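Sharing a structure below in C-alpha cells format, with a few things to ask.
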Amino acid sequence: MGKYLLRRLAINVILVALAASLAYMLAATTMNPRATYQGRQPPIPEAVIDQTLDAYNLNDKTPVLQRYATWASGVIVGDFGKTWNGGSVNAEMGRRIFVSLRLLLIGTILGFAVGVALGAVSAVRQYKLSDRLIGVSSFVIMAIPVFVLATLLAIATYNVNRGLGFTLIEYTGEYNPRLSGFDQFLNRLNHLILPTISLSLGSIAFYSRIQRNMMLDVLGQDFVRTAMAKGLRRRTALTKHALRTALIPSATYFAFAFGTMFTGAIFTEKIFAWHGMGAWLIDAINANDVNSVAAVTFFTAICVLFAAFLSDLLVAALDPRVRVS
Amino acid sequence: MRSKVVLRRLYKNRQARYGFAALILLVALAYVGPLFGNYEWTEKDFLSFLSPPGPDHWWGTTSIGQDMYAITLRGMQKSIVIGLLVAVISTGLAAIVGAFAGYFGGWVDRLLMSGVELLLVLPSFLIIAIVSPRLKSDASWLWFVVLLAAFSWMVTSRVVRSMTISLREREYVQAAVYMGIPRWKIIFRHIVPNMSSLLIIDATLNVSAAIIGEAALSFFGFGIQPPDVSLGTLIASGSGNATGYPWLFAFPAGLLVLLVLSVNLIGDGLRDALDPGSNS
Amino acid sequence: MSILEVKDLTVTFPGGIQAVRGVSYEVERGEVLGIVGESGSGKSVTSLAIMGLLHRNAVVTGSAKLHGRELIGMKEDELIKVRGKAISMIFQDPLSAFTPVYTIGDQIAEAVRVHQKMNKDKAAKRAVELLDLVGIPHPNVRAKAFPHEFSGGMRQRAMIAMAIANDPDLLICDEPTTALDVTIQAQVLEVLKTAQRETGAGIVMITHDLGVIAGMADRVLVMYAGRPVEQGAVDDIYYRPRMPYTMGLLASIPRIDGEEGALVPIEGNPPSPASLPPGCPFAPRCPMKVDMCDEEEPPLVPFGGGRHVACIRAQEIEHKGLTGADVFPVPVIPPSDVVRVPRAERATVLELNDMIRHYPLMKGAVFKRRVGTVHAVDGISFDIAEGETLALVGESGCGKTTTLQQIMQLVPPQGGRVVVLGKDSAEMDSATRRALRRDVQIVFQDPMAALDPRMPVGDIIAEPLRAHGRKDVQARVAELLDLVGLAPEHAERYPQQFSGGQRQRIGIARALALEPKLVVLDEPVSALDVSIQAGVINLLEELKNTLGLSYLFVAHDLAVVRHLADRVAVMYLGKIAEIGTVENVYDHPAHPYTQALLSAIPLPDPELERSRRRILLEGDLPSPADPPSGCRFRTRCPKFARLTEAERRRCVDEEPSVARLANTVDHGAACHYAEEIEVITASDDQEEK
C-alpha cells in the first residue's frame, strides 16, 4: 500500500512538473508582456521597460531557457513569481482560490444531491410521467452551454429587476463592499443565487442521467429481488440496497468535481464578474501574464490529480469489492 | 441483417426520429437557407445598424450592418463542419490508440496510456486559447479543429482500452489467434467492429461536445478568428448587448441549443438501438 | 393439508408472451417437489410469480394459496409478512443475489430483523448461529466478510442460512447448485437436507439436472414450454415415464455408470414462447407424433397412482411398456479404424512433460498490486495418441483451462515441454508455428462467445481457410456445414439466428476447416441443454471416428467424459491426481479425490441415489496461490483423516507423483496410499474393502 502510494505520488509529481513547464514554455514563447508597456502615452523609455520586465522575469530579451530556470527555481521553493504588473502571483492565487470556493461549494453539493435524487426517482418510475419530465428537462439543459444559460439567467434577472423597479436578485459581482455585518452576508447570498443556479442546473442534469442509468442497471439485479424476498418493502429494498449500490459511480464523479472545484468555473465567473481562478486564467491570457498562466496551470494540474485520487479513495470506501484487504 | 434490426429499432425510437428530423432541418437551413436570404454574409448594409428583425433583414442586423440571417447561417455551417470533423478525428484516434494499447498491453500500453494521462493533465483550454488566435493562415480554423480533436479523445480511448482488454479474452478473438491471424488484422477485423456501437455513440456525442467546445472558446475570442464567424463568436458578440438587442443573441444561441439537442437526441437513440441491453 | 396449492397459474409478459401457461401443483409439509425443465420452460418464472417478485408489467393469473391464503394479487403490506417468513427463496447465482456492499452477516441479520423483534446485536448473533448451522467455518469471522470474499459454495450456504432464518414453511430453491462444482454441489445439497430437517419445511426444488432431483425429490413435475407435461412420484417419473419428452430427457442424459456408445438425442429445439406450435408443443420433436397431436394441446390428465400426463398416447406407452430407447432412434456411429492399431504403435499427437504455468496474482481494482503467484499448472505430464480422446477433468480452479491455453498458444512454457505433433513448442520458429496451427484447432465452451457476432456464418468458417491461403473457400464451407449437420444456405445467416446447439456445430465446423489432426475441446457441451447436448456429443464422436481425429477434451462433467473419452486425467490444484483409461479410472478409482469426485455426481436414478454412499469433501479448494505442502489434496482428503500420524508425515512432507498402479496397463495415481475402490454404485450396505 505504502509503496503503491509513493509510486503514484512520484508519477503525479512528474506529471505536474511536465504540465506546468509546458504551459510556461508555451506562454513564455508566444505571449508578449512587453506589448502592455509599449505604445503608452507618454511613451515609456525602452530601458525602463526592460528594467521592469527584468524585475518580473518577463523580458523577452532574456533567453527563454534562462527565464524558465529562474521561474522553476522559484516554483520549487513555492514562489510563483510576479504578475504582469508586479503583484505577487502567490497572493493573487491565495485570494482567488477562496473566491472560487465560495462561488462553487454550494452549487457543487446542490447539483449532486438534487441530481442523484431526481435520477433515482426517475429510474424507479421508469417510463412514467415524472421520468419523462425529468428526462426531457435534463436533455434540454444539457444542450444549453453554460455561457448561454448564464446569459439567459442574467437577461431574465435584468428584466425582473427592471420590472420591479429595484434589485431583487444581484447578477454581477460577489458582494456589495459598502454593506457590512449581517447585511453583507445576506448580500453575498443574494449574489450567489444566479451563479449557483447556472452552475448546478447543468450538474443536476448530468447527475440525474448517470444516476438513472446506474439505478436501472441495479434494479434489474438479483440482489434487489433477494432483498424483497427477505420481506423488505419495495421502497426499503430500493433505497437501502439498490440506491446504496448504484450511488458509487455518481459519487466518484462528485469526488472529482469536488477536487477540481478550486480551479474555478471559467464561464460563470466571467459572466457574473467574480474574480476567481477561472476568470484569472482568461484575464491572464488576455494580459500576457506569463507567470500567472503558468501558476494557474500548475495549480489546476495538482487539483485534477488530487481529485482523481480522491475519487479513487471514495470508490474504495464505498465499494468493498475494490478495497485492498 | 444486424444493420436492418438497428435501423428498425432506430426508426421506432422517438428520440432518434425527432433528433434526425431536427438535424436534417438545421443542416438544410444552414446550407440551403442562405440561397433565399436577401444578403450575403460578407455584405454590410450601411443604412441599417442594429435594426430589429423585419421584412428586409429577417433576423435583424448587427452594429456594423451585417445581416444576422446570413451570418448566423454562415456561423452554423462552420459549427456543423467543425463538430463533424472533430468527432471523426477524435473518435478515430481514440479507437486506434485504445485498441492498440489494450490489445498489445505491456510497454505499448504503458507508453500510450502515459501519453493519455499527460494530455489529460495538460491544460487543454489554455493551450488552445494561446495557440489558436496566433494561427495566421487561411486555414486557421482547420488547425483549430485539429487542436480541439487533439484534446478530446483521451477519455474515450481509455474506455476503448478497457473494452479491448475484455474483448481480447473473448473466445472468438482467441479463436482468431489460434488460427494464426496477425494481430493487427485481429484488431481491425474482430475488435474494432465489435465496439462499433460504442464508437458510433461516442462520435455522435463528440459532435455536440465539439460544437459546444468551439462555441465556448470562441466566446472568449480564442476560437474562430474574424472575419470568419461561428455560432460561438456570434453568441459572444451578441451576449454583451443581449438585453437591448436580443436578436443578436437569441438567433445564434437558439440555433446552437437546437443543434446540440438534436445531435444528443440522435446519440441517445442510437445507444438504445445499438445497445439495447445497456443503460450507460 | 398442503402448505402451498398452486392452481392454473399463468404469467404473461408484455407483448403477449406467455411464459407460464397453466401450472398447478401442491406441496405438503416436509415434502420435496422437484420441478424439472430446460431453459425457457417457465420453471423459474412460476416461483417468482408465487412470491410476487416479477416485474410489475408481468400479468399473473390463477391462484397460489399458502395455508389457504391467496398470494396472487396480495397487497404489499400483507405480502411482506409472507416473504422471507412463511416462504423463503434460494436463488441460483449467490454472487449476484447478495448486495455487494453489505457484509454477509448484516444481510442475514437484516432478514432476521424484518420478521422478528430483535435488537441489532442479537440479530447479528443469530446470523452467526445460522452461518454455523449451514457449516461455515469460523462463522463469527466470516459474518463480517463481503459476498465477493466468499467462494461460490460458501455463498450458497449463506444464502440457505438467510432463507431459513425465520423458520419458513416452504423453501423455494431455484437451481441452487447449478453454478457450483460437483463436490461443492454435494455439500450444498447435504446442507439443504439439514435445513429441511431443522425447519420441517416443504421444498420446491427447481432444476434442469435430473440427477439432483433423483436423490432429493419425493414428487416430480416436468415442465415443457410453460406447462407441466408430466407429474408424479419420483420413481414413477424416472422408471415409468409416460410422456415422450420425459422419456427422451431421461434417455439423453449421459451417465457415469453408463455404457459407451451413442446417446439418444432429441431432435430440434424447445419452441420459443412467442411462437408455439398449434397442438402439443413437443409434437415437432416427438418421434411418436401422430396427426392428432397437431390439433389440440393435450391437457394434463390424471393417470392413476397420483400421476398426471399430458400426452394422448400415454395409455399406449403404458400398455406397451415403452422406454426412451424404444421411442427415440439411437444413431449409429461408425467405428474408428485407428483403434485397431495398439496404442503403443500409434503416433503421439500431443505430449506434455512436467509443464508449468504460474502467473502473478493481482489484487484490488483501484490499488492494483501483486500479492503472490498463482500456481495454476504445476508440472503435469500426459500424452495423446493418434485417434484417441484424452479428457482433462477437474473442478474450477484446477488448472485445466490454463493447460489448454498453454497448448494452444504454441509458445515455450515456463517449465517443462509441450510437444505438438512431434514439434517442441520451445524450438519453434514463427513459420513452423503458423503451419502447425492448421493441425491443432479448438472448440470453445460458450457457443455464443466463440463466434464473432458481426460476421455471417460463412465468413466465420472461411476465416481459417483464408488465413491459411486456401482456395475453393465457398465449396469447402458448404462441405463443412453439411458435415456438422447444417445446410449450406445457413452460411449467409448470423450466429444470433442459431440455437445453442447449432452454434456449437458452427464452432466445430470452423475447427475442422483446415482438416486438423488434434482438436482441443474446451467444455464443448456444458453450456447446452441436456436434450441438445446428446446430439453434439454424438456428432463429436462420429467426426472423430470418420476423420481420424484426436481430441483433448477439457470438461468438468464426468458423465459426458465417460461417453466421449478413451482416457482420462483428473486434475486437482494444478497437478494430475489420477490418469488412465476411462474404465480403469471410473470403475476402480485409486486416488481419494477421484473417488470423492465420482461419488459426488448425482445419478438420474432415484433408488440408487437414495442408497448411495457419498464421500463428502470438507471445505473449499485451497487457493492456488498458496497450495498445501506435500500432497495438495491432503487438506481435504478423507483418507488422510484416517491415516496414522506417521503415515500422515509422508503426505505432508513428500509430494506424490503419478505412479502406475500394480496389475494395470494404463492407470496411475498420485497418492502415497492409493487404493482402488468402487464408488459409483457403492451403497450404504456395501462394506468398504
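Order of writing sets the chain letters: A, B and C. Residues in each chain are counted from 1.
Quick note on the criterion: contacts are C-beta pairs under 8 Å (C-beta built on N, C-alpha and C of every residue); 3 or more make two chains touch, one makes a residue touch a chain.
Because the structure is predicted, anything quoted here is derived from the model rather than measured.
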{"item": "Most distant chain from chain A by Cα centroid", "value": "C"}
{"item": "Identifier of the chain whose CA centre is least distant from the whole-structure CA centre", "value": "C"}
{"item": "Pair joined by more contacting C-beta pairs (A-B or B-C)", "value": "A-B"}
{"item": "Chain centre separation (chain A, chain C; CA means) in Å", "value": "54"}
{"item": "Centroid spacing, where centroids are CA-atom means, of chain A and chain B in whole angstrom", "value": "23"}
{"item": "Centroid spacing, where centroids are CA-atom means, of chain B and chain C in whole angstrom", "value": "50"}
{"item": "Contact footprint of chain A on chain C as seen in their complex", "value": "48, 51, 53, 76, 80-85, 88-89, 91, 93, 96-102, 110-111, 114-115, 146, 148-149, 162, 166, 363-367, 369"}
{"item": "Touch list for chain C against partner chain B, complex", "value": "408, 433-434, 437-438, 440-442, 444-446, 449-454, 463-464, 467-468, 493-494, 496-497, 510"}
{"item": "Contacting residues of chain B [partner chain C, same complex]", "value": "1-2, 170-172, 174-176, 178-181, 190, 193-194, 196"}
{"item": "Sites on chain B touched by chain A in the complex", "value": "117-118, 120-123, 125-127, 129-131, 134, 208, 212, 215-216, 219-220, 222, 235, 239, 242-243, 246, 249, 253, 256-258, 260-261, 264-265, 268, 279-280"}
{"item": "In the complex with chain B, residue positions of chain A that touch it", "value": "15-16, 18-19, 22-23, 26-27, 30-31, 139-140, 142-145, 147-148, 151-152, 154-155, 158-159, 212-214, 216-217, 266-267, 270-271, 281-282, 285, 293, 296-297, 300-301, 304-305"}
